[in-house]
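The structures come next, written out as structure tokens.
In what follows, chain A forms one complex with chain B and a second complex with chain C.
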Partner chain A sequence: MSKTEFPPSIKSRPVYGELEPRAGSGHLMIADAEGAEAILGLAKSVDPGFWAKTHIIYIPKKTGTKYSSQLEQLGAGQYYCGPSYEAAQSRIRRALQNCHMGTQVYLTGTESLMGQAMHEAVTAGIPHTAIQTEHRGSTARRMQCVHCKGITEDVTTDPFECSHCGLSLFVRDHYSRRIAAFQGVRVDAEDPGNIPEKVELFK
Partner chain B sequence: MSAGTAKLNVTVAEVKPINDLVTRFKFVRTGGGDLPTFSGGAHTVVEMQDGDITRLNAYSLMSNPADRGAYTISVRRDDQGRGGSKFMHTRVIEGMEMVISNPVNLFSLDLRAKKHLMLAGGIGITPFMAQMHQLSMMDGHFELHYSVRTASLGTYAKELSERYPGKVHIYHDDQNEAIDLKTLLANQPLGTHVYVCGPKGMIEWVHGTAEAMGWPREAVHSEEFLAPASGKPFEVKCAVSNKIVQVGEHQSLLEALEAAGIDAPYLCRGGACGQCETNVIGYDGKFLHYDHWLTDEQKAGGKHIMPCVSRFEGKTLVLDR
Partner chain C sequence: MTIQFNDETFRGDFTFRNSEWAIKRFPFPFHEDSYMYSVNMEPHTSYRPGSVFERTFDVDEHYVSEMKDRAQVLADDPLRCQSLPHMTLAGWDLVELIMEAKAREYPDLFELHKNGNRWRWVNKPLGIDDTFTFLDESTLPYGPMEYITRQTQGDFALLDQRDDNLWMDAGMVTTQADWSLDFDIGMNFFEWHAPVPKAHEMGIFVRALKFLLNIQQGQPARRLNWTMTVNPLLDTSPENYHKWGEMKQDLTLENMGSKQHLRVELQTFFRLPRSNALVFPIRCYLISFGDLVTVPKWGRRLHRVIRDLPEELATYKGFIDNRPMMVEWLSQYDDGSPTSDGIWPDDD
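Up next is the complex of A and B:
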């Protein structure tokens, strides 16, 4: 799947770029699903020796083994392939703990993955402007219900039902970097029961 | 005038020679009372009435930011300079009344940092002294690497080593000791910010090395005050005030504008802060840009000049002042 062009929006909505190899003492790449394509693309323009200093953390999601063997063959110093972001989280934290200044961080794939990994990297002390991102694959959103604070992953419709409290929520572009989620607000707050039909906005 | 900086009337409370080159000055508010608070890395602009000439030099505050009773600065005598430091060394005495600006900070700590790595060269130690006071009050994590020419010219080196044991590393040029920058930068934990204050070459060395090693630009901070360069005298037309101003050989463009009664903004007077940026309406000649503010494209574009340090050679220069 190729890159998605997101329409311009409010300031809090994250924008993404294109990964490029940068000079650094080490490289930490965190990707999910089609994000693998961005890493494979970058692989065409790196110097020999790049992969020896690289740690790839990959979560295939629905892509199964489509990309994982190609990623493994890049010969990264460390390669991890895991079932979910939650499963990879402790490894991401540990990897960041062991990094020194000069390590380059590359995030690619879904917004949910990039947002959560970005939060970890910023918490570890990397300025957010120094972290590279490239969106690939699904545009489904990680949403926070502003009422019950519950997180619903992979939201594709607007409105959608909060997986925690069941309210129908309007999908906003308003984004929280702290919790790495867009904000969902009750769609029928002023006229209870008047819930517009769901539209599939994200794939 | 300086943008938004009120002046402070102060009295010199102490003049203390530290070594052959450096003298420390302590200012208290004339008539008593507290001075404004500041944060580590801030400087003040000291006004010196040297005969007909008003000299304005920026000096970093080195005292504890929590101490509002007094400000202290340290001045290194520069015999080749334009006379500001010499004035401080030879004319300023205890009890003298002076005017200084409110503190301005262009070299503040990034308090999001998990660790502060400070690199000082020579008199560049002064802003770090206030920053270390500030950080030690909040139990901050810092480390100082301080390069000096000789032990006797190592201003405050001994005192700092005693005050912050284990955190201060001194390097003596005359003993061929040098900061091992690559090793130092390679081993810093994530969240470290590096700060450098010292000679131009040292600042460029740190920026260049850090960039090549993949350090984020946002994590590398520096401060260098430039003294305005001398040069050929030139003439400038000021379109707004409708005046023609002569800039002398040892005078900066900013000083010439001020002497002509033109209200020109400034803050650092050293090419760093950007406050004095002035639009060029027309010119025939070449600019001598010395500042750290304008981008290379802007410097080549001929539409902007920083009057605090930069000069002009040629027939005509018309400014939007």
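Up next is the complex of A and C:
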């Protein structure tokens, strides 16, 4: 799966680029699922000393072992493979704390992964000029229910059910970087019970 | 004049009413018989004695009841008031701006006594008499922005200015036209306006931002904005949309005059001296259709504006389904005669 071409988008949604190796005192790479392809692609054009000062944090999600062994073989100074973003979160925070001036941060994979890791990186004081992003894989959305505030991951349909309060929500095209999520609003608020057919909008 | 404060509700039994005085001074937002977005900014200088443009922060008959409603919204959902850590100084700037203006312009209602940084603030309508140390948070019962905006009508957004943009980094938002501070906090000017249709393509936000970035101390600006609300509900938040959205279905030709309200925002913009932040008060005025058409010019004009409004705007403002019925009801008050320029009633 190659990098995603998004249609022209709303102003609150981040624009993603293409990873390229940059000179830096260290490299922190955070990826999930098909994001591994972006790292493997970048690996073709790096200097021999690059991987020794690199820390890879990878969450395979549904890809299982498809990419994990290839990533491990890159010979990064530190390599971690974890079962979920939540499980990896404390490690991500610790790794960001350890960043020195000049450390380069690379985020790739789903919008959910990049959004959450970007928020952590900015909170940790990494300048935005030292952070690159590249979207790969699923375009499923991370949604916040505006009513109960609960987050539902990997939303592919519109409408969808909030995994916390159970309301049927439509996907409002409005994105918060701080929450790293789109906004979900009750679809039948004006006419309770009148819930349109689900349409698969994101894959 | 001394204001008679109403004892009224903006929820449940909806006892909110406008007096004759409040109707005559209502900020009717349409200066001509049609509406399209524009950057309609003007200096926020004192204008037309008795109007909502006369004072820096207008206080009216709804003040005490609006503050009770705000306290209830905050008790139910404390996330309606938030301030990122770097915005505390801007909060103090706002305390000073509001207290000085109210004490100067409403001396019978508010008093501010300063002894160096030791300030005494008297708010007679709300029964408050507090002494505190300016710039010392530990001497107030809330953070500075929350403290003063629990005593001031209208929502407040505090905007930090950096990187040639404005960032919504603090706010008190309980009377909003369907937007969420909790979701939007931390966004820049273009991001928090992302859901607005058409205006980005029209270049509205680029021009508005340019104007706002250049607002100077002591030279505030203002504009009007508007939408529609069924029942005089101040808290039309997305958080509670699943509770108030249903009310739109209750509208009929028979109850249109009492249930349907024109909701007008008087938006003002002030540069703050210590923080260089902007404060953006958004003051909500409500008027029932029945009261509005007692001013013949307004009845005629509202009919034409609502009838001819582009569909995208009626959808965004949330009344597309009820529009045909609204137009039918309003048409009774439009005899087709011409209307005069400007927003004011003809009989002055």
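What we mean here is this: the second predicted complex is superposed on the first by the 200 of 203 C-alpha atoms of A that agree within 3 Å, B and C clash if a C-alpha of one lies under 4 Å from a C-alpha of the other, contacts with A are read in each partner's own complex, and residues count from 1 in each chain.
Just so we're on the same page, a residue touches a chain if its C-beta (ideal position, glycine included) is under 8 Å from a C-beta of that chain, and two chains touch if they have at least 3 such contacts.
Owing to the predicted nature of the structure, the values given are computational and were not obtained by experimental measurement.
K.L.:
Could you tell me whether chain B and chain C fit or clash when both sit on chain A in the superposition?
P.N.:
The answer is fit.
K.L.:
Between chain B (first) and chain C (second), which, if any, makes contact with A:Gly24: first, second, both or neither?
P.N.:
First partner only, chain B.
K.L.:
Could you look at A:Leu42 and tell me whether it touches chain B, chain C, both or neither (first, second, both, neither)?
P.N.:
neither
K.L.:
Rounded to a multiple of 10, tell me what angle the C-alpha centres of chain B and chain C make at the one for chain A, in degrees.
P.N.:
If I round to tens, I get 60 degrees.
K.L.:
Is A:Ile179 touching anything from chain B or chain C once the two structures are fitted on A? First, second, both or neither.
P.N.:
second
K.L.:
Just chain B (first), just chain C (second), both, or neither: which does A:His100 touch?
P.N.:
A:His100: touches chain B, not chain C.
K.L.:
Which partner does A:Gly125 contact after superposing on A: first (chain B), second (chain C), both, neither?
P.N.:
In the superposition, A:Gly125 contacts chain B only.
K.L.:
For A:Ile57, is the partner it touches chain B (first), chain C (second), both, or none of the two (neither)?
P.N.:
neither
K.L.:
Between chain B (first) and chain C (second), which, if any, makes contact with A:Gln144: first, second, both or neither?
P.N.:
A:Gln144 sits against chain C, while chain B stays out of touch.
K.L.:
Tell me which of chain B and chain C touches more residues of chain A.
P.N.:
Between chain B and chain C, C touches the greater number of residues in chain A.
K.L.:
So if I take every C-alpha atom in chain B and every one in chain C after superposing, what is the smallest distance between them in Å?
P.N.:
Scanning every C-alpha pair, the shortest chain B to chain C distance is 6 Å.
K.L.:
Indicate the residue numbers of chain A shared between its chain B interface and its chain C interface, in ascending order.
P.N.:
Chain A residues touching both partners: none found.
K.L.:
In their complex, what parts of chain A are in touch with chain B?
P.N.:
22-25, 96-97, 99-104, 124-127, 129-130
K.L.:
Could you pull out which chain B residues touch chain A in their complex?
P.N.:
Touching chain A: residues 112-114, 185-192, 211-219 of chain B.
K.L.:
Looking at the complex, which residues from chain A come into contact with chain C?
P.N.:
For this pair, the touching residues of chain A are 10-13, 144, 146-147, 149, 167, 172-179, 183, 185-186, 189-192.
K.L.:
Can you list the chain C residues touching chain A in their complex?
P.N.:
Of all residues in chain C, those touching chain A are 79, 180, 182-187, 190-195, 200, 238-242, 245-246, 248-249, 321.
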